[in-house]
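Residue numbering begins at 1 within each chain, and the chains themselves are lettered A, B, C and D in the order written.
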Amino acid sequence: MLEQLKEEVLQANLQLVEHGLVKYTWGNASAIDRESGLFVIKPSGVDYATMKPGDMVVVDLEGNVVEGKLKPSSDTPTHAVLYKHYEKIGGIVHTHSTWATIWAQAGLDVPAMGTTHADTFHGSIPCARFLTPKEIERGYETETGNVIIETFEERGLDILAVPGVLLKGHGPFTWGKDVRSAVMHSVVLEEISKMNFFTQELNHFAKELPKHILDKHYYRKHGKNAYYGQN
Amino acid sequence: MLEQLKEEVLQANLQLVEHGLVKYTWGNASAIDRESGLFVIKPSGVDYATMKPGDMVVVDLEGNVVEGKLKPSSDTPTHAVLYKHYEKIGGIVHTHSTWATIWAQAGLDVPAMGTTHADTFHGSIPCARFLTPKEIERGYETETGNVIIETFEERGLDILAVPGVLLKGHGPFTWGKDVRSAVMHSVVLEEISKMNFFTQELNHFAKELPKHILDKHYYRKHGKNAYYGQN
Amino acid sequence: MLEQLKEEVLQANLQLVEHGLVKYTWGNASAIDRESGLFVIKPSGVDYATMKPGDMVVVDLEGNVVEGKLKPSSDTPTHAVLYKHYEKIGGIVHTHSTWATIWAQAGLDVPAMGTTHADTFHGSIPCARFLTPKEIERGYETETGNVIIETFEERGLDILAVPGVLLKGHGPFTWGKDVRSAVMHSVVLEEISKMNFFTQELNHFAKELPKHILDKHYYRKHGKNAYYGQN
Amino acid sequence: MLEQLKEEVLQANLQLVEHGLVKYTWGNASAIDRESGLFVIKPSGVDYATMKPGDMVVVDLEGNVVEGKLKPSSDTPTHAVLYKHYEKIGGIVHTHSTWATIWAQAGLDVPAMGTTHADTFHGSIPCARFLTPKEIERGYETETGNVIIETFEERGLDILAVPGVLLKGHGPFTWGKDVRSAVMHSVVLEEISKMNFFTQELNHFAKELPKHILDKHYYRKHGKNAYYGQN
């Protein structure tokens, strides 16, 4: 069942380790098959060194396990909420990568200070609020998904133009049209979190990228006039 | 004698190097066999590249060598004091890992700024005081153990809920139910020491995690209502 | 066609990854054959893991593809402008390496704070201005090349004595007599960007290197009285 | 001639790269044979990847080449001056390692903030002054050695108790009873340069280690009452 997707999801989880974004089991990646409405996610707390494609868990959009011997990631309900609400998303990644987590712990949006940012994210990456005690009681992981949606709706953001978010005091979620791009967005987010932090340390008066440069770089790689890459 | 434990202790010491927490011979890991009341610890100043299980030293709770051709770690009396006082501890690790040592040198507790912290440590990681000249005369390593105990008793901390400490001007000790978890706690402590440092640099007004988030994350992984992992 | 140069350019691109200056496809290296007036550059957005010498693209000084199945780097016009204007340049490299990009995002020149800098760059590395909206409309990549030239001419800098520049809000370009030295200049620029940043953090009163030390180190390695190395 | 020492010197140079202290050819290690009064040093500007024992150069205490096809390191006269003046030194290392160089560029001594420092260096690591234009004219590398001696004599330091120095605006030299320990001292210096920098950033009121802790740690590993290690 969804064997190809299981392989992709396993590879995505391993790439998070290779890129230095995940230690031990602190992260998870998933990918959805839109035809069947089922998604594949890594099991909870299983050592990456021994993880096999068959360990991946198949889950429906209500978060119920459809196939798999192991318990899915404890963050599965967050993934389910996002896949259900945003039909354009094909893959989701969660990490505690160092620099993105630093911004999350500081409770600040990552501003667009350079073209490395603008090549992937069309503007600031928002930091979502803390959950309230009542929301936590109601269901921590489901409400985490709802707070992400709330953040994007309140700010009127396009989910694919800004493919990531910081959870206050926690860490980043990223997504994309597939799980491979969701991983890449985690790598980019980590790098720009580091660069934008030190840019502000170096020059407290440094400003966000001017709009015309932000747009130029973003649209060089995205949309119908894109001319980067081989397509 | 305790061959299995020797292998575990050797592996733990090697993992400290792999995780980048130890250079040369600046660290030590041990594990106890509660039945016999003996613990296994790495030898002092021996190159990690050539260390074998048979080089591990077996020691009793008074710090006397029971088996082994080599001298045990110079920090052996500190391990002995902790094993003797805290029956729940199964493994102990000491390193000079960069970021935890920075907090130790600054003489500050590591505050709980995020969920990476809360997943493992239920609150701040305390920084113990300097030893006095008299304590050093009396026995530096034994008194180091006593100062750790004093720190935890004065603050009323549960030794397994906060499985680590900083020694002022020196570096961290961590522990756990076994040596494998003691190593993991050293890895976590190093990572949160780095993240929490830069969080404060980025936002001087950043606060510790609210109590309801701290508790949620800690109890998601610990205690009878834990639901993280496969158990 | 230019098979030797294709191999050199491929190796240069791979070295950027090995030196940690490039993630994914965020960088490009090229080298020129001055006899034919043609240069070889990496293709746009192609995975470094599978890139072969035959994937390199041959381009003339107007930026037209002369040979190659793939589209050249989107930054090709910048390379063309520089090769055309500066006859001494044999190779060019562009990256988004972390620390050089931090200075670029801060919009500041990298001052000569030490001999690691002076061994390669004879003075500050300039940060070029943002392009205007009109320049972007006219041709972003071509005008980027023109702004580099403007920066060096306004300041009266020798292109080989200061073999690199920062593009404001973007990242570094470096060059050299061949592509191998252009890569080395990127490595040096990254390292001194990091060191000079933290030097200023450590001591806000730290000054640039005195002229007699700057000259001594630069001319120890360059010019007719150089005595470093085997030649 | 001195084949064993050539192998040791080669290995020392390679270890500098493995420990991340040297990029390209920016460093050099040497070792002396006190019986013959000759020392072995790496050649100038030769790629570490292809360097062989036979490439090492044998030099006398006046800096004259005694054996070797290649030119010795351009810093050879500095090594010669130090070997000649300090008979206890058996090996010398020079690098531009990142954090030690940052302190050198800031023109500041590295204060003893922790036991990682005290285990190896018995007090602050001094930063030597800039050479004057006249000294540079007289012979840059020889005078560099003389300024190191001046620094240690003015401060009344024991060359083996503080086995390293920073050259202002340049980088560190370390030494030891043999080249292996000189390498280790470079590794320690780099690590404490990083830790002591961030300690001060974290707590501007952080103080140097109290004298009784500094002494305890230093003499735990050095002198006739040392009890660290297997001897």
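Heads up, the rule we're going with is that contacts are C-beta pairs under 8 Å (C-beta built on N, C-alpha and C of every residue); 3 or more make two chains touch, one makes a residue touch a chain.
Just so we're on the same page, UniProt names per chain: A, B, C, D = L-ribulose-5-phosphate 4-epimerase.
None of these values were measured; they are calculated from a predicted model.
A.B. asks: Where the contacts of chain B and chain D overlap, which chains show up?
C.D. replies: none
A.B. asks: Using direct touches as single steps, what is the fewest number of steps from chain B over to chain C?
C.D. replies: When the steps are counted carefully, the minimum from chain B to chain C is 2.
A.B. asks: For chain A versus chain B, which are copies of one sequence, does the interface use mostly the same residue numbers on each side, meaning over half shared, or is it different?
C.D. replies: Both copies, chain A as well as chain B, present different residues to each other, with under half of the numbers appearing on both sides.
A.B. asks: Using each chain's Cα centroid, which is most distant from the centroid of chain B?
C.D. replies: Computed centres place C farthest from chain B.
A.B. asks: Go ahead and note the Å separation of the Cα centroids belonging to chain A and chain C.
C.D. replies: The answer is 33 Å.
A.B. asks: Starting from the mean Cα coordinates of chain A and chain D, work out the distance between those two points in Å.
C.D. replies: Chain centres of chain A and chain D, defined by C-alpha means, are spaced 46 Å apart.
A.B. asks: Going by the contact rule already set, what residues in chain B reach two or more other chains?
C.D. replies: If we look for residues of chain B contacting two or more partner chains, we find 201.
A.B. asks: Can you identify all of the chain pairs that touch?
C.D. replies: Listed by label, chains in contact pair as A-B, A-C, B-D, C-D.
A.B. asks: Note which residues of chain D are touching chain C in the complex, please.
C.D. replies: 23-24, 26, 43-46, 70-71, 74, 96, 98-99, 101-108, 130-131, 133, 136, 140, 169-171, 197, 200-201
A.B. asks: Which stretch or stretches of chain C touch chain D in the complex?
C.D. replies: Residues of chain C touching chain D: 113-116, 119, 184, 187, 191, 194-196, 198-199, 201-203, 206, 209-210, 212-213, 216, 220, 227-230.
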